[in-house]
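Read from first to last, the chains carry the letters A, B, C and D; within each, the first residue is number 1.
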Amino acid sequence: MTKAAEQQGSVYVPEPATIVDKKRMTEEETWYDLRLDSGEQLDHDPGQFVEVSVFGVGEAPISISSPPSKEDGFELCIRHVGNVTNAIKKLGMGDKVGIRGPFGTGFDPDAVVGKDILFVAGGLGLVPLRSLIWTVLERREDYERVIIFYGTRSPATILYEDELKQWENDPTVEYHGTVDMADDTWKGNVGVVTTLFSRVDLDPDNTVAFICGPDIMFRFVVQETEKVGIPDDMTFLSMERRMKCGIGKCGHCQEGSVYICREGPCFSYEQIKAL
Amino acid sequence: MTAQTDRNLNITVHHMTRVEGHGNIVVDVKNGTLDRAELEIVESPRFFEAMLKGRKWHEAPYITARICGICAVGHAQASINALEDALGVTPSEQTLKLRRLLFNAETMQSHWLHVFFLAVPDFLGAGSAIELVDDKPEAVKMALRLKKLANDLADMICGRKVHPISMKVNGFSSLPSPEELAAIRPRLEDARSDLRAAVDLLKTVNIPDFERETEYVALSLDDEYAWISGDIHTTDGFSYDVSDYRKVTNEKAVPHSTAKHTSHNRESYMVGALARVNNNYEHLRPEAKAVAEELGLEKGCTNPFMNNIAQIVESVHCLEDSIELIDEFLTEGLNKEDRSVEVSAGRGAGAAEVPRGILFHEYAIDDDGYITEANCIIPTGQNLANIDQDMKALVPAVLDKSKDEITLMLEMLVRAYDPCISCSTHFLDVSFKE
Amino acid sequence: MKSLKIVPKDAFDSFVRSLAEDGEVVAPVAREPGQYVYDSVSDASALEDEDYIPTLNPPKKYFMPAEEVLFKFTGKGAPTHSGVEVETEAQAEAEEEIVLLGVRPCDVAAIRLTDQAFEDTYEDEHYLNRRDAATIIAMNCQELCDEHAFCAAMGSLKVEAGYDLLLTDLGDAWAVAAGTEKGEQLLQQIPGARDADAAAQKKLQDLTDQQEENFENVKDRLDFPAEDLPEILGEAEDHPAWQEFGDECMGCGRCNLVCPTCFCFDVLDEVDLGLEEGERKRQWDGCTLLEFAMVAGGENFREDRDERLRHRFYRKAKYLPERYDGDMYCTGCGRCIRTCLVDIDPAEVFNTVAEKPGGEAS
Amino acid sequence: MKPRVGIFSFSSCEGCQLQILNMENELLDIVGAIDLVTFREAMDPVARDYDVAFVEGSITRESEIPMLEEIRRKADVLVALGACATIGGVNAMKNKFSPEENLQEVYGDAGSEYYDTIPTRGIDEVVDVDYYIHGCPIDRTDFAQTVTSLLLGKRPYTPNFPVCVECRLKENVCVYDRDDDEICLGPVIRAGCSAVCPSFGSACIGCRGYVDQANFDSLIKVMVEHGIDEEEAKKKLRMFNTGNAKAQEVEA
């Protein structure tokens, strides 16, 4: 059970948290480092999310981007698209937001020990995966190969560039990046993320895939993993839906008998097919 | 008169502020002789007569309320009166009383808005009530409190003062509950002291000293101060049935205005609070008469600037009448009534004394209840000719003053009439070609 | 064994009067002929209304008001004012006690269903606190209320749980059964209550048999047992009838809003003009409304009316039953049918999509 | 810095401006939160530059177009205020006649030279509009909500669900279940008024404009079932909604 479920009082009242650091990552996204004012840790699983409040404006579900091992607080990466996410953009260091969570079901790193791990991230999809990637890298010896595919629209929209370099230079990681549309500075791969599948040989019997990105991307990526022969129960995805409460009450994120916010956002492809 | 004989003066006030709707003041003096003094009406015509054609009878009050946001209740009522006349409907005693209570609310809120927010800033030399917030915060808060009370009273009865909802032919579609009536009554009582303070404030302001005799026209009843029924009376001694309203209004088009001008026994006549007081003084409640005396308003007053004072006097009358009506409703109860109406072809005229004066609606309806003809004459339209005449008399009398002072005075004169220009252009006498 | 007592009607009436003196008692009362709402009452007369049909809005409004404040905040919370404190203040913890009188079987069933949803994993204290403060005095239906209800087909006519007291009309007296500990205690307090003798037992049994008979044909409103619905719907996703129902549906959301088992909500922040005080509130929402499943970027996961209407029926009879041990989230109360201007009737919808498009049953 | 706000008016009854003046409890807060620079109905003008423009009224004359364009150029944010501005409003009912017919029939030969008149339209048919405050008249709390939203930098909340939603939340007896003959447009009209008309014993007459995906066919069928003919039903739908693009859907 997560901390929020044990919490006394209304599950809708956020805890205050303070922005201790922020960095502009691209035109559209900003990275934030936050601390709960209570001094406690979130105690989350990779892939889980929090509901972030700007009082007076509203709440938005945002994936926790830092690994659980991070001491002192947690990190978010937010794309500014609407009311809440634009309001956050105006906040500075020392400003307060409200946090509820962690919510949802994340990816379980223990369940895939001994496997080849394939991460496929598209755009903002890197944010929830990053938490898992670092968790896996922290216990690198528990896993066989670690392969990371990351695709963005253009070089200007690449997130966490420093960390990507780190992975690129890490001999134990097979990192492949691509952009849909290159510019003059770009020397790497051009094309959608699925084109990267031709660059590596995957062992269908021992690979698990973690996929995160826009709905449309994951449909194409799953075609690839199926082609490779990775079983549906070894393919994991994170889904996005409208969410108002984050705890399976408000009904907005319901798909079939599950609430994406509670039984998800991370599912195996097998589960998703059943919805 | 101390006019400088060789003076040239040209005043144009474009889109004057703190009036409803768009109007320009134009004054031209050449070599000390007044060439032109006019209120130009530049509001875009909205063709309400065209809109009504072919609509169902019961839609007329909704549509005509939208002629003017400030007189919406008045338009709805005049429209309902005309329809009731055309359809041969006699509303119940309860309905008439509730309508009177609503008119009290409408009159109070409109008069208070006008006097405190639109006219008083002139007397106190401010550009707006907003400027007074820092200077006289208590006065502004008091005015807001009064206005809110009148608005709340109206909302309670008709749902919404701007474009009322529950006012219907032959009754109301919802009635205030006893709890609501009981809740608003003490607030009305409290308003007495606010109004007292307002009267004291008004005693200190300087009303320009300007007299011009004219004819005053208003609805009159034998036994009470008339708002929503009665005959048309004039201070020149004429009296007409409402259906003969055209004998009073005699509209004619003038080149400088999108609204037509009216005249009766003289070149022009005046309608509104002052005209009502001049016609119906004896039916004012004693509390209102006392205030009239205090503020120097007598029956037969010919100073148009005193219209603001007449408005305050009327609001005292309305406040007292409201308390009495609410007490009656609380003892007798308000009951849901049958509002059904038999529709057949007919023609009817209705009048109502809206805050700015007498308002006429007239419709013809066919057998299926569709409107075939509509006419509407608005108080401000009736006052336009009188305003022009006043300006013509006022300018020569004050020609020794600076241009700014004259301009301000003219603006104050126009504002004293509480003109509702958005109304005045929207109806013209039209019969439809089939 | 739960207690059962017989209470003469006048004694019960004085009991209700005393409850109403101590606190709020609400019951279905006619606002206009044939239009009922739950409203405050001071005696038990509402129980005798023979024209009763389910109220416009369900009793859910007492546990989850149409609009409710989740918490208030003060301090300059606005993003334009940085670096200021925000205080949150939860809503009042203890709720006023309230007695719901004359709750009919379908609504008792519905209350149990919403209880279950609000208790699931994360307890919704706003709902549950109010629920705890409520006493449910239910009342059996001896006859079908109107042609729109199909409670018996959905298995919600027989109430087994979810009430504190359950009344059955014996003519000059009420048979009062306790369903909870709270009900037991209350039952002890009713003056003039006596144990049920053999005659009363017999009469009660006769009434039960009679009820069975009276509702026999209501069961036929569905062409199959309700428990088959999840499976039937599982095969009916692409049924062409959805399109036809979707063409009729106005997407107006009325069916959601009046439904006793719909509990979806929207959340909004409101702030005063000084930007110093505000509140977060929730409001009933409906899955048939256009923007219900719209996300950032404007993508709408159920863009068309027919998809949204289908989702509503699947939620009632497949998604939630699959989640909650087969419990149907439609009680057959008929509210949505009464309110729907284009006469979309769940029983008819279920029967239609259960048939293969060609006509033969699936 | 407080945003500088101007309130402007084209062809209208000025009732929406009046609704603002009628916010007695909030007026001082509003004046405190914004810098009101133009509000002809209530004050003399003090400045000509502004960040936010609220525009009331519809466009009915050629000469109004450049004035509106000028406002758009100056304002960072332009908000349409009320039905005349958002959807054309009642003014647009005159569009059933051609401009020539209107002039001829209504003013006769004498008037035509003074006035130019063009088919009435909401202001977004002339310039880009950022936000809408719907209603004839606007709802006072909706105006306050819009002002606070703009101050907070968020998009004002505009419901895209029908009046029926708010009407059910208030547990009204539906107009179609009452014993009078009223015809309600609630199912296709945008909410935000707290269903004020049905709540006061009347019916929704459509002043807030159509919701997206309005199902006119179904509602017209309902109206016909309740005793009016199809032509009359369409006429009702058009009362406020002739001056905007969506009006064509009713005809189709």
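Basically, contacts are C-beta pairs under 8 Å (C-beta built on N, C-alpha and C of every residue); 3 or more make two chains touch, one makes a residue touch a chain.
Since this is a predicted model, take the numbers as computed values, not measurements.
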Selected pair, greater C-beta contact count between A-D and B-D: B-D
Separation of chain A from chain B, taking each centre as the mean of its C-alpha atoms, in whole Å: 66
Centre-to-centre distance between chain C and chain B (centres being mean Cα positions), rounded to whole Å: 52
Distance between chain centroids, defined by C-alpha means - chain B, chain D (Å): 25
Where chain A and chain D are represented by their mean Cα positions, the distance between them in whole Å: 44
Residue numbers of chain D (touch at least two other chains): 148, 152-153
Junction residues of chain B - those touching two or more other chains: none
Multi-chain contact residues (two or more partners), chain A: 56-58, 82, 87, 90
Full enumeration of touching chain pairs: A-C, A-D, B-D, C-D
Chain C to chain A touching residues, read off their complex: 70-71, 73, 77-80, 82-86, 88, 90-91, 117-118, 120-126, 263-269, 271, 275, 278, 280, 282, 285, 287, 292-297, 299, 301, 311, 314-315, 318-320, 322-323
In the complex, chain D residues that touch chain C: 26, 29-30, 32-33, 144-145, 147-148, 151-153, 157, 160-162, 164-165, 168-174, 176-179, 186-188, 211-215, 217-219, 221-222
Residues of chain C touching chain D in the complex: 31-32, 34-35, 37, 56-57, 61, 66-67, 78-80, 247-254, 257-258, 268, 270-275, 283-284, 286, 289-291, 305, 339, 341-342
Residues of chain D defined as touching chain A within the complex: 148, 152-155
Residues of chain D touching chain B in the complex: 9-19, 21-22, 24-25, 27-28, 31, 36, 39-46, 60-61, 64, 89-91, 93-94, 96-97, 102, 105-107, 110-111, 114-115, 117, 136-137, 180, 196-197, 199-202, 205, 232, 235, 239
